[in-house]
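Both complexes shown next keep chain A, but they swap its partner, so chain B is in the first and chain C is in the second.
This part shows the complex of A and B:
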C-alpha cells in the first residue's frame, strides 16, 4: 500500500476535465486507487466520486494505492497533478 | 441509387385517380422517363407550362391554353414547336380544355406522350409532384437492424457478430417494434427527413444465430412490427478495443454523426462488454436522446451543478 499527500496546483482544481484525466490515468492500473479530502474517501476510478470531492486550487488530497502496481500508479497520478493535468494554469 | 420513372408507369399509378386519358404517344410512354433531380438542383419535374425552365412533365391548364389561343397562328405554331423540342417526358392538357389539332400534330411529330384530364391543372400538378418526388427520391440500403424504440426510428449497426439481431430480439420482447432486419431501405423524403422501410421479401423476418429466420409478426403479433419510420438515431455496437478504457469520456459517452444519403444522423457508439444488458442500455440511450431533442442535456446540467459546488461558476 502506497500513501501520498498531493496538493492541487492548477487554477480550476479538480474540475470536470481534470477529474476525467485523473480517472483515466487511475483506470490504467490494476491497483485499487483511492482519494481522500476532508474525510471524504472516494474510488479514484469513478468519475462521479472524484468530482464530488469538489477540490479547488490549493486543496490537500491523500492518495492511496493498493495492489501489484501501486507504486507506479501513485507516481503517475502524482505526476499528473504536478503537471496541472496538462493545463496551462 | 439513381431512380427513373417511365411515363407509362406514372400513368398506370395515377391514371384512374387523375382521370388521365391518352391523346397520343402512348407507345413512346415506356421509353420516356423522368429522372431524379437532386435537392440542390432546380426542381423541374412537374409543373405548369414553362418555356424558360422546361418541366419534364408540362401541364397546360385553362390559363396556359388561353394564352396560347391569344397568339397568332404562326407564333402559336412556333411556341408549340419549342415546347416539344425540349423533349418533355409528357404533356398534359388539364381542366377538360380542348386539345388543339396543332398541339396533337406537333406532339405526334416529336413522339411526345400527350394526355388530357378533366381535373383542374393545380390538382394534377400537386398530386403529380408529390408522387414523382416520392418515386424518384434517393435511396440507400444500409446494413443494420431498423427499429422503433419509444416512437423513435433507430438504426442498430455494427460488425457481423456484434449482436445486432440479439439486441433487436430483446428489444422486441420489451415491446419495441421491428421495421427491417439486415437491409433496411432508406429514402430521402425532404432534405432533413429520411424514411426507412423494409424490402418486401424481408418483411417481418429477423435472423438470429442458432435459431435461423424468425417471423416476428407471427411470433409476437402485429404490434411487434412496423412498416416504415423516419430515421432519427443510429446506435453503433462495437467490440471494446484496447485503450478504450483510457480514451472513453465517462461523462458524456461517445457519439458522432453518420452520413446517410444527404443527411448527418446522430450516432451513439456503444461498446459491447460481457455482462452488459444492451437492451436496457439501448433504451436508456434513446430516452436520453429524446431529452436532448427537448433541450435537456444531463451531462451539462450535472457539470453546472458541480461548478456551483466548486464555487467557480462565477468565473466561467
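This part shows the complex of A and C:
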C-alpha cells in the first residue's frame, strides 16, 4: 500500500473537469485508490465521491493506493495533480 | 382565441410550430424484497442497465455535430462517469445484497442518500449537481423498466423537424437528440437557467422556455404554438396575423444569429491581426452565463453593490457564496470583483448614515471602505476565499491618492495572512487592479500602474468628473459627452502611463460597449473592453473589421492637429461601415 500527501496547485481545485480527469486516470489501474481530505475519505474512481470532496486550491489531500500497481497509480495521479490537470493557467 | 402561458426563457429566440408532447410515463418504481439467486439477478440487471445507458451516451457523444462538440461532449462525459460511478452503481449493488431488495428500489434509496448529501453541501456548484444525478437515475430507471430497449431515444420519435417540443423535463442528452431532429423550440415544465439541458439548448441556439407550469395539461397535441423566450412566453393560437408576425420575426432572428455566430467563430483579432480581449460586466448568474456564451474571455466588472441593498450588511459567507455562484457560471474564466462602490447615488440603506451633502464628491468607493475597515475586511475575506476556487481579480473603485492604494493593499495582505493562519487556502497571486475614474487617478496613471497589476478605466465617472457634469441634471446633461476631446486625451495618457510598466488597461464604462467609440479607444492603445453581454457581439463584429494600423494613425493625427471639442468626426471616419 502506498500513501502520499498531495497539494492541489491548479487554480480551480477539484471541479467537474479536473475531477473527471482524476477519476479516469484512477480507473486505469487495478489498485483501489482513495482520497482523503479533512477526515473525509472517498473512492477516487468515483466521480460523485471526488466531487463531494469539494476540494479547493491549496487543499491538502492524502492519496492511498492499494493493489498490484499501487506505485504506478500513485505516480500517475501525483503527476496529474502536479501538472494542474492540464488546466491552462 | 389566444392562450398564454409563462415560464423562464433560458435560451433566446422565437419559434413557431406545431406542438409535440414527449410522453412521460410515470415510472412505477417496483419495490420488493428478494432472496438468494434472485439477488444476483437483480445485481446483473443494475450492471446491465448502467452499461447500456453508458454505451448509448458514448454513441451519442461520437455522433455530436462539430458546432456543439465542446460544451455537449463535456457534459455527456460527466454523465457517463456518473453512470459507471462506484458511489452510485457500486453502492446500489451493495444495497441489493445487504438489504435484499430489487434493483429499482436499491437505486432509488442510494440516489436519495446522495441527493441529500449534495444538497447539504454549502458549495453552490455542488448543490446544482443533484440535478445531474436525478437525470442519470431517471435514465437508469427507464432502462430498468423496459429491460433492453434503447431508453435514451425511446420517447423521442423521428419526424420532429419544425415542431415545438413539450416535455416535463429533459436531460442534456435528450436536448442533443432534439437538436439533431431540428426542432423549432423546446418547452419544459421543470428546469431553469442553470440546468445542464438549458446550457446545452443555448449552445445549440434552440429557443427554449422552461418552468412552464401545467403546460402538459393545458396545451393540446398538434396545435400551433408561438414561443418567445425573451419574454418567457408560450402562446397557443390559430390567429393568422400573429403567425405572420412571428414567422417574420423567426426569419429575422435566424439571419441575425447566423451573422453573430460567424463573428463568434472568428478569433479576437482585428482585420490586420492585432489581438483584443472582450470581457463582460455582470453580477447575476444568467447574465454571467450570457457573457460566456457571447464570447467574453472573463468578467471585467462584477459590481458588488447588489449584495448590500438590504438593511442588514451581508456577512462573509453570503458574499462568498455569491462569488462562488458566479465562478460556477464562468468555469475557470477570470472574475474581476469590484469592492463596494457605495456612495453617490447608490448608498445602501444600511450605510445611509454616511450620506453627505454632495455624494459624488463625498465618502464613496475606496474612501468608504477605508473608513470602515471592518466592513472592508469582510468583503476582502470573501473575495480571497473565492480565489482558491478560480482566478479572481480585485478591483478598487474611486482611487485618487496613492496612499489609498497602499492602505487597501495592506488590508488585502492582512486578510490573506489571517486566512492562511486559519488554514483557509488563498490564491497567492490574486491580482489587484484600480479603477481609473477620477481625473487625479488618470493624471497619475503611470505612478498607479507601478503599484497595480491592471488598470480599469471607468468612463462614466471619468466623464462626469473631467467635465464636471452631472448627467442626472437635465439642464447640463447635453454636456455629458464621452467623445469630448479632454476625456479622449486623458484616456490616451492613462494608456501610455500603464504601458511604461507593461500593465494591461481595460475600459469598462459604457464607452467600451459603444461600437462607434471602440475604434477610437483601440487607436489610443486600449486592447481590453468590458461591457454588458448584450453589447459583446456588436463590439466584436466592429473590431474584427477594424484596420488597427489605420486607426492608430488617424487617432494620432487627429489628436495632434484637430481643434474640435469632440472626436465625433474621428468616430465617423473610423467607422468601417455596417455589415
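Before moving on, here are some points about what is shown:
In this text, the second predicted complex is superposed on the first by the 89 of 89 C-alpha atoms of A that agree within 3 Å, B and C clash if a C-alpha of one lies under 4 Å from a C-alpha of the other, contacts with A are read in each partner's own complex, and residues count from 1 in each chain.
Keep this in mind: a residue touches a chain if its C-beta (ideal position, glycine included) is under 8 Å from a C-beta of that chain, and two chains touch if they have at least 3 such contacts.
Owing to the predicted nature of the structure, the values given are computational and were not obtained by experimental measurement.
Residue contacts after overlaying the shared chain place A:28 against chain B, while chain C stays out of touching range. In the superposition on chain A, contact is made by A:49 with chain C only, not with chain B. Shared-chain residue A:9: touches no atom of chain B or chain C.
Legend: residue contacts after superposition of the two complexes on their common chain; A:20 is shown touching both chain B and chain C.
Overlap of the chain B and chain C interfaces on chain A comprises residues 12-13, 15-16, 20, 23-24, 27, 47, 51-52, 54, 56. Interface of chain B with chain A (complex): residues 245-251, 303, 306-307, 309-312. The part of chain A that touches chain C in the complex is made up of residues 11-13, 15-17, 20, 23-24, 27, 42-43, 45-49, 51-52, 54, 56-59, 87-88.
On the chain A side of its complex with chain B, the touching residues are 12-16, 20, 23-24, 27-28, 47, 51-52, 54, 56. Residues of chain C touching chain A in their complex: 74, 77-78, 81-82, 84-88, 90, 114, 117-118, 121, 123, 125-126, 129, 133, 332, 387-391, 425-427.
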